[in-house]
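Look at the two complexes coming up: subunit A is in both, with subunit B in one and subunit C in the other.
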Partner chain A sequence: MSNLFDLLVAGLATGAIYALVAVGFTLLWQTSQTINFAQGEFVMLPAFLMLAAMHVGAPFWLAIILGILLSMILLGLAFKMLLVDPMMRHGVLPLAIATMALAIGIKEAVKQFFSAEASPFPSIVPTGDISVFGHAVSLQSIGVLVVAILAVVGLTALLNRTSLGHQMQAAAQNPTVARIIGVPVERMILLTFLINAFLVALASLLITPIYLAKFSSGEVLGQAAFIAAIVGGFNQVRGAIAGGLLIGVLDNLAASYVSTQYRSAVPMLVLIIVILFRPQGLLGRAEERTV
Partner chain B sequence: MTGFAKPLKIALGLAVIAALIVVPMNFNRYGLFILSQWAVMTIAAMGLNLTLGYAGQVSLAQGAFVGIGAYAAAIMTTHGWPLPAAIVVAIVLSFAVGWVLGYPALRVQHHYLAFVTLAFSTLAFLVFRNESWLTGGIYGISNIPRPHIFGIATNKPLPFYYVCLGSLAIVSLAVWWLIRSPWGRAFIALRENPQRAQSLGVDTRRYTLMAFAIGSALGGIAGALYAPLTQYIDPVPFNLSLSLDLLMMVIVGGAGFYLGPFLGAMIAVLLPEWLRFTEGYYLMLYAIAVMLLLIWSPTGILGILDRYMAARRTKAASALRAVAKSRLETAQ
Partner chain C sequence: MKSTLLGALLAVAMATSAFAQPIKLADVAELSGGGATVGTNWKNGIDLAIEEINAKGGVLGRKLEVTHADSQSNPGVARAQVQKALDAEPYVLLGPGYSGSVKVTAPLAAEAGIAQIMGGEAAELTQAGNKFLFRTSFGQQSSMPKVAKYIHDDMKAKSVAVVWVNNDFGRGGRDVVVKELERLGSKVVADLSTEAGQADFAADVGKIKAANPDAVFVYLNEEESARILKELKRQGVTAPLMGETTLIGQKVIEFAGDAANGARGHVGLTTDAPVDLIKGFRDRFSKKYNYVPDHNGLKGYLAVYMVKATTEKMGKVDSKAFADTLHGLTIKAADEPGILMDVTFSDTGDIDRQSFLVEVVEGKQVVKQVLPKLK
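Entry: the complex of A and B
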């Protein structure tokens, strides 16, 4: 029983990270029909930007700020203007392929300019355990969970409570009508790209101390986030959150109750079942089919 | 133009084929390996081009079928079966699995389908890695023999290159025939407008499944050649990135163009080799090249050519019209 509790906490912490990454993925899909296959690499890169800043002598807090800013410029602004905008009118598939190429590019660039080895990364949360209901729970897990929840709550509040958020939602749901009623749709789309860049930088900051900074670490994470987003419903922010938590918990439970060898098969099976029986995702709404 | 273009095309085609036969004769071992790899990957990409380019079904599982074919060939030939028998088994096996994988395509489309096939690809990788009683697990299968064809041993790189090239030729002819048959036309109808195709009496269910099954079977053939080519296989080459690479080959070459996979595979297999002089930068340059190409022409390299030809044809047609018009005016 105690084992189950630990697994749940660890699973929720992993799941919170997946949720952060998956939310950005759904935001981009909603506003610009972009499937970003480089989303995992987007999480990997900010950690290296921060490491690079520290290498030239910046203190940790400054490196974090620089890393987040740089990631918003590179992964938000530049990504949108240089890759997504010129390709948007060509449809989903060529853009998806271009993001695959981008993923290769980012991975290789980090490997070439930084290091092929895994580098340690300082944690913003102190290491150690605290006792919860008589269980030792690592502070890192709790820290990750808290920061991720704060970010997600902040984002939901922004989307649902502010006029900016309402404009963003309008732009995502029906750009034509939004434009007619005076929503600056282009600016709202840019904003979602910046938010995505911010979220991946945050995810990077939270996850890298646990798994080390490695050029190839984006692959697994990106895939998990995709699955989370689809399982939860990838036209819904809350779907992505639920999907992230669910996949995180399932992944951890599968590792100890099914088999370590086939642990990654469990989320995959869930994915296949959900897509076949409820393609819009557990919390998603059905999209109209276009002829 | 038409009276002249066809013999020119045939001459060009024959020249390329002759070059592919003659030029590699004095290639070194590595050059022959790369060229054989190009032939094998072209076969796999042609399969995906059928599924994606002609029938319009996005699949991220082609690499898994190459894996299925490769393991079938590796397991059978190391147990003393001849390669042709292994190829038949690879075809049947990947055809059957591809048929089953086609069922989700009947329910979900586009990106959802991409993710179902992505999941399948990962599951296949896990099976290759974990079922060590059959696949050798992470240690893989080594000493995969190369076949004797008409009593000639193909152990050396050059004869085996000809095996790959010959297989490519056979597959190319089969695919050429297929896309010109009513089947191929049904696939295209399926891609262009499924609803209309159905209203015209195309059995969309059956053709969707067929597109997947035939495309996957070609992946299986490619795998069955890949195993004796490398003579050693483990799960790593058949992970998701092979499926992504194959998808990239098809799109970069030009999805839905017959010659697309040939060009796409050439770029994906040979370009990194040519860029090797740049040391560690070659994959980066490759990625940038792919992105620039797609921004410039989302329909791939052959898309550029196609647009150029179309523009010339329009120009020629309007020139003819102008001539006809002026004649009409002078006649009046």
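Entry: the complex of A and C
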């Protein structure tokens, strides 16, 4: 059990990334009751936008700013206005299918315009270790964990402790009533999309040095985050966070103490158990069906 | 008289037209998905060889022409693409590079009687009696005994940790190397399977560390090799690292940085080999594509020159006789410089030629030993 601490830290760092991505699933679910199957590709794309900026001579810090801004325009504003709004009129299912098509489109476009090969990506956190309780812990793991926690704490504070956050929640929970009491519902929904775009750009920045910039990297990430969101609770931000961390840690513990060969089966097993015994997720809220 | 002359002219025109028809090759490769690095290098190698051959007048006076199809690194897609390619009746089928994809496509090519020159290295591929399947590099049954011998004899490792990717490629290599290590008397103290695309190797390296082996044998795909090298360094594993081509390739060195230093591997093909013809290939490839190819670029290049040498040996373009001619054929680099090193093909389609023991030193592959042909 000597390396339990190391496994927990590495698992939490990976899980924090899953959590950031899973929060995006939750935000979109709350505002439009649909699932964005391109969420993994949303994480993959910002890294390429940043790489493109660096290719034309921008320093890394500027590439990060440009990448985040472009992500918010493309994956927040344009995604909402060009895909979600028009498709919502046709129902939730066509919209979900449209996001699947979008995932394929983003992947193929990146492959076409950049390369099918993986590219290295600089890390915002220096490489190396520091000693924590006598254990050598990767600075990269700590950096990922800290940035992800800060982002999630900031988001939670925004949602729960500010007037803007309360308006966003009101718009998500009952748009009709929110409109009556004067909440600018459309603006709040747009803000939700922009926040999701910011979070995926942040996740991209944190995870790409580890995963490498590759057009197909969103597949694994999107799937893991989707499982995390269901396990934690699809309709609760705190559920997505808990689900992400849980899946990240379980994956590492399973590999170390159960079997490396069947590690990928463990999250699926957890998913099945949760769906069977607590379909709303560990921290999710049971939703009543409206008729 | 007029009509006779016209008829003769028409006959000549038709004959000339048939003579000038290009020789059609079909390539199915991993141009996207997990094996995109493999497939892209393979494809570029093929294109370079064809460009060179056509610039010098082609094969028996006919140009080579190739169609590329993307298997998406998925055996199911590869099978469909190979079927489509075979329907167009190519002279020879090139690819795929992934053993799992070769495994499901080889029966199709054999059924069509078309020779398939592929990049897969799983031992089982050429052991099933398929008379139409040919390698461009060593199979694991040839390379792994050399690897095990090096770990046992040169590294003096009494205990070995083996970490492998859980697919046909990884499992095939693992099975042969574990058997050989045990036969030689080295004990396998950790036997770890990993997933393709895996990002976090903390748990795997933790297990290796706990097993405290004298050497670690790493047999993963390129990107995952880079990730585990970083984690091995981070967790302070000091046991020597041994692998095959995928552990010490250019891409791995690029991704892993300092963590790749000291890693050793047996390679059937490397652009750093101390062979003038290979150096020339490396220069031409780098000039055309602006990067240094890995061994898959060499494999694709050699596949086309195998077609050229075999066809010129036959003196005719005959897809049905192609496989028979290539079995048992020795192609000498002095006669066909494009083949880069003297090579002999066995009755099973396996390959025999020199190979190399490589170590990564300060971010570069350094060839430490040249191993001779087996026969």
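Heads up, the rule we're going with is that the second predicted complex is superposed on the first by the 289 of 291 C-alpha atoms of A that agree within 3 Å, B and C clash if a C-alpha of one lies under 4 Å from a C-alpha of the other, contacts with A are read in each partner's own complex, and residues count from 1 in each chain.
By definition in this document, a residue touches a chain if its C-beta (ideal position, glycine included) is under 8 Å from a C-beta of that chain, and two chains touch if they have at least 3 such contacts.
Computed from a predicted model, the values in this text were never measured in an experiment.
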item	value
First (subunit B), second (subunit C), both or neither touched by A:T156	neither
Partner chain(s) touched by A:L83 [first = subunit B, second = subunit C, both, neither]	first
Touching partner for A:L102 - first (subunit B), second (subunit C), both, neither	first
Touching partner for A:S138 - first (subunit B), second (subunit C), both, neither	second
First (subunit B), second (subunit C), both or neither touched by A:S123	neither
Contacts of A:L276 with subunit B and subunit C, given as first, second, both or neither	first
Contacts of A:P94 with subunit B and subunit C, given as first, second, both or neither	first
Partner chain(s) touched by A:N174 [first = subunit B, second = subunit C, both, neither]	neither
Subunit B versus subunit C as contact partner of A:S264, first or second or both or neither	both
Doubly contacted residues of subunit A, that is, touched by subunit B and again by subunit C	111, 261, 264
Contact footprint of subunit B on subunit A as seen in their complex	35, 37, 83, 86-87, 90-98, 100-102, 104-105, 108-109, 111-112, 219, 223, 226-227, 230, 261-262, 264-265, 268-269, 271-272, 275-276, 279, 289, 291
Contact footprint of subunit C on subunit A as seen in their complex	2-3, 6-7, 10-11, 14, 111, 115-118, 120, 129, 136, 138, 207, 210-212, 214-216, 220, 251-253, 255-256, 260-261, 263-264
Contact set on subunit C toward subunit A in their complex	31-34, 36-37, 39-40, 166, 192-195, 197, 199-200, 202-204, 206-207, 209-210, 223, 226-227, 234-236, 251, 254-255
Complex interface listing, subunit B residues touching subunit A	58, 104, 107-112, 114-116, 118-120, 122-123, 126, 129-130, 193, 195, 240, 244, 247-248, 251-252, 280-281, 283-284, 286-288, 290-291, 294-295, 298-299
